[in-house]
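Heads up, the next two complexes both have subunit A, just with different partners, subunit B and then subunit C.
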Partner chain A sequence: MLDIDILLQQVTNGLVNGIGYVLIALGLTIVFGVMKVVNFAHGEFYMLGAYATYIVTGAMGTNYLIAVPVAILVVAAIGVLANYVFFRPTRSQHEVVGLMSSVALGLILMNGVLFLFSAEPKTIASPFSDKVINVGPVFLTEQRLLSMVCAAFMVAGAWLFVTKTRLGKMMQATAQNIDGASLSGINVDRVYMTTFALGCGLAASAGALLGPLVSIYPTLGEWAVLKAFVVVIVGGLGSIPGAIIAGIALGLIEALSAGYISTALQDVFGYAAIIVVLMFMPQGLFGRRAK
Partner chain B sequence: MNIKLVIRYLSVAALGIAFAHGYAFGQGTVKIGVIMPLSGAAAFDGQTHVDAAKAMADVINARGGVLGGRKIEILPYDDKASAEESVSAARRAITNDKVDVLVTSMISTVALATKEITKDRILHVVVSAQHPKITEEGHKWLFRINETNQMRADKFSRYVCEKSGIKRLSIIANNDDSGRLELGIYPPIFEKCGITIAGTEMFERTANDFVAQATKIRSQRPDAVYVISSQTSQSAAIWKQLRQMGYQGKIVAGGNMNPRLVELAGTASEGVLGVVMFVDTIDNPRSKAFVDHYQKTFNRPASHIEGMAGQAIEVVAEGLNRAGSATNYDAIAAAIKGKPVDTIRGPVAFSSNGQANQTSFIVQVRSGKLYAVE
Partner chain C sequence: MSGSRNAFAVIVLLALPLLTGSDYLLHLLVLCVLFSILALSYNVTLGYIGELSLGHSAFFGIGAYASAIVSVRYGFSFWSGIFLGVTVAAAVGLVIGVATLRIKGPQFAIVTLGLGGIMHLVCSHWVGLTNGPMGITRIPPPTPIGLGELVVSFDTARSFYYLALMFLVVIIAICAVTRQSRLGRAFVSVRENDHLAASVGVDVFTTKLAAFVISTAMAGLGGVLYAHYMRVISPDVFGVHYVVAMLIMVTAGGRGTILGPIVGAVIYVVLLELLRPVGALRLIAFGVILAVCVIKFPDGIVGFLSRRNLLRRMPSRMDRKSAA
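Let's turn to the complex of A and B:
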């Protein structure tokens, strides 16, 4: 006796959340794929995107739709600076050094925001937050619909950028073989800077689009980076198609298991899915098998 | 001039000054360590505890302090909403910072762990964590200000059963010790008075998306949803998302209610029934002094959390004064349990296991403001 309305609602919930997860995770997987750096501060850039949007809409009173791209650019710029300070100097060293560096970066960003804005939860003033629309029997707030549509565009845009543009192909080349890329005249430094800016920009866009759905606070990144890692590991480190499939799958699994099995176990099913996938495909769905 | 001798004399002098300085401070202020979540999603509520404690300390200090003129000093610590961090902070407070009293915990899991290390070491007042075991399995120097989950359930459920007209209820609770306990307490009480429990849903401490739960609740078609959530940011999100997913019945809030929550929830807060341990309309001079000072200092009205945190400091101050000491914990504990303590809510008595004998007020949100209903 399946209530179709409720099924459609839960599937929609899952898709909206899922595409959000893809957007959060995409930057992380691209940064790893090209730079071979696991950026533990990735969640903090998501958080910065939310806060930047909050500042631009709040303090400056700007329209939300303008604030989002502004916030993305600002955070991408912060990313360029962060790359210069935290990753560039440690690049020649073992991967673990870059990893530790990213942990430090995350702590600094989180505490910086905590110091500047206090721990009090804030809301981003988006005019779409509270208006509910009905698509058939399904309830959606305008913000959720907007975030889903924009996220889809950004993911598609990132995919096209990486596969079709010259810079994107340079990123792919660097990802495949850094020495070969360098020898064929690619400015690896420039590629790394662009990649990191892209990664941070994508994380920030997720924060800007999803931020109005929740109250924002300085440790928001903890939640985001955890989702990102689940998606990236299941999808395969460095794989964009993997992140897309894994992200949407995670959203759907969470919504359907909460809706039809138990809301108490919602997170459990997501993690169980990782374990099952990794048992059979340790490199993730689309990752490259370690030799 | 022998330079070595000069240096030696100077170092001894410096050491002596440092010693005297530390010693003088020790004699000077009574240090109360306040351990609450100051970062993470619960940070707003945790910081509110600290702010209120400071405000009450200011008020008491202005009246002459404690123990014949010593001022109260509030030292805040971040427990990061975690048992391990709280225990670690408590150790630091006791050993390094030499606090005289600890006032801690809005989260039951954290309080249960922290009381284990304050046993036989220091006077410990738990402010808002509600699990009954905190005092049932506490220690001789442990006190607790808030009503327990059971006490709240008894009072609030009586109201829901007798006066609210609700016949079909869904419950959504935090997936932690306190939330699971309440899921055990409430359904039998409600069923006994003829209310059908349409469903029980849970969410994680770090969750910020509740649409799956909201959708499920909508499908259960209850008259009312009982929301058991202690974090302001989560509670606001739950109320909003319930409405956004098409739920149109009543919302009943257990666990936390305050003006900031009402503000964050916007239109979703209209008509919400809740419980608070303090309302700023209480008519006694102690309350007025506290409420005024808090408003002036922090630019917010004093509500649920502020009342409890303020009372915690009042109880400590009164206990110290009655016992005539900041460190004779047996005497202080006996003094607090011996006869009721005057607080901003009037006289409050404590049971032999340290539980405050006071219950909540029932309030309702109307046009963005809280009104006492009972």
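Let's turn to the complex of A and C:
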């Protein structure tokens, strides 16, 4: 049956994209959950992750598999710096102030990359991009398979980190009650720094893993942050399981609607999902409660 | 005191275009006035009720497209285009405000970003109405008005400047009167503490809705003027970068004031031109300005300067007292 084969292929593509969306969105939702910052610059860290991988593999000629962790660490370090300059001073103020600060950060990062690398699209060299493997009737490049598996591991790792480790529990405590947390001896400053570095690192890992599947350009972050918002709003701001379910659902819905309906409607669908969810269930499908 | 200062400002503004014959400088003057109108409109939402809308350029775009479409396709005059552009922008603002103003803070920013995005897509894809990505060209300049024998036309930058300035003065008057009114005080009470405002009988939702509709109507006016000045518009007018520009102008100038957004708009236009040679660095500079203002000078330049003035004046008053 040909139809089943096509369906399977599309479901697989949707899954690969969906796990990528989860990875992009996870950092945004963790940063919001702990720091109450809606980071409009989150997509720029995805873009930075892709560019960092491009530099390490291209200019330095390093192996792709080494470039990925290097890129993640570099971008996480940039995140630490960004947190110190842009979000630490606005922490005690209204949420909208932090949001405006993140708009400024996004403007600086995007145009910084535009200035350094020009608007010309680049491709990340990966040894796995050309090799196609068959899983039953489904075709996948090795890169797609690698991205999907690594992304799944990253998501699982982040979840375990937040729920099981001491630092992760400190993050949860800070998210619940910042005063209570600091009274019981938690260094909130360091928790915030770790949280933001984790968020940026996750976004960068998405950029490093998904970058070779597409061509990269400085405005990539706008696309990424929009997808992340769709996932995070539908899944519930601050909810990790919500982001995982919503991200995979978004990937599948997009792949199936592109295959069977039309690609032009994809973005409209994303925006509409944000609006409908915020208007009728502001806590999202899986969020605990509205703030 | 402020009366004579205002009169002086008006004279300067009227005289400015007479000082130069350069089309380029006149063009910049017009842009300053147009962006001042946009910044004042954004200020009603961001400054008065304190909500960050990331879809504000949609209303600018709606005003521009509404007037462009009726004047190019159906030969409407500029004046009926203004009426239509402002009305349509305000009507869409009313519908969107009713739907979204119960959401606040970051969620409001995200939902308005989504709405702005949808309108951008609709404008790009509804080719039958908007001519799609090609945009609308050959928009006529504002229809000349006849004063008896004298016919005043607005097809040069200098004449358009006076027309736009007239609208700017009207907008300033509306802002000033509204701000002093009961409604204006309700705006600020909602911004400062909505629960407290509700407890003393302010209808928070209706107050926000009033501000939002005023703000969107003004943005619509800005759009109409922009369309008839540039004579060409594309779906680009719906883009987020216009919102970011308005955010920078209002924040750098001084949120919630009237002078602030105007100062911000002038600084924005001037810097945009001065920094043109440095390419992408220009937007980095704007990012830095926005960050510095948000973090260090939340009251903007105007707020900062007036506070400095106040500080300088206070000791002198005390000196006088102690001398007496």
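What we mean here is this: the second predicted complex is superposed on the first by the 271 of 291 C-alpha atoms of A that agree within 3 Å, B and C clash if a C-alpha of one lies under 4 Å from a C-alpha of the other, contacts with A are read in each partner's own complex, and residues count from 1 in each chain.
Keep this in mind: contacts are C-beta pairs under 8 Å (C-beta built on N, C-alpha and C of every residue); 3 or more make two chains touch, one makes a residue touch a chain.
As the structure is a computational prediction, the values presented were derived from the model and not from experiment.
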Item to complete: Determine, under the contact definition given at the top, whether A:I108 touches first (subunit B), second (subunit C), both, or neither.
Response: second
Item to complete: Check whether A:A258 is in contact with subunit B, with subunit C, with both or with neither, and answer first, second, both or neither.
Response: first
Worksheet item: Touching A:A272, do we find subunit B (first), subunit C (second), both, or neither?
Response: second
Practice prompt. Quick one: classify A:D179 as touching subunit B (first), subunit C (second), both or neither.
Written response: neither
Worksheet item: Now for A:E120: first (subunit B), second (subunit C), both, or neither, which partner does it touch?
Response: first
Worksheet entry | Residues of subunit A that lie at the interface with subunit B and also at the interface with subunit C | 114, 222, 264, 267
Practice prompt. Could you please specify the touching residues of subunit C with respect to subunit A in the complex?
Written response: 50-52, 99-100, 103, 105-107, 109-111, 113-115, 117-118, 121, 125, 240, 244, 247, 251, 279-284, 286-288, 290-291, 294-296, 298
Response to the item:
Within their complex, subunit A touches subunit B through residues 3, 6, 9-10, 13, 16-17, 114, 118-121, 123, 130, 132, 139, 141, 213-215, 217-220, 222-223, 254-255, 258-259, 262-264, 266-267
Worksheet entry | Residues on subunit B engaged by subunit A in the complex (per definition of touch) | 38-41, 43-44, 46-47, 172, 175, 201-204, 206, 208-209, 211-213, 215-216, 218-219, 232-233, 236-237, 240, 243-246, 260, 264, 266-267
Worksheet item: In the complex of these two chains, what residues of subunit A are touching subunit C?
Response: 32, 38, 85-86, 89-90, 93-97, 99-101, 103-108, 110-112, 114-115, 222, 226, 229, 233, 237, 264, 267-268, 271-272, 274-275, 278-279, 282, 291
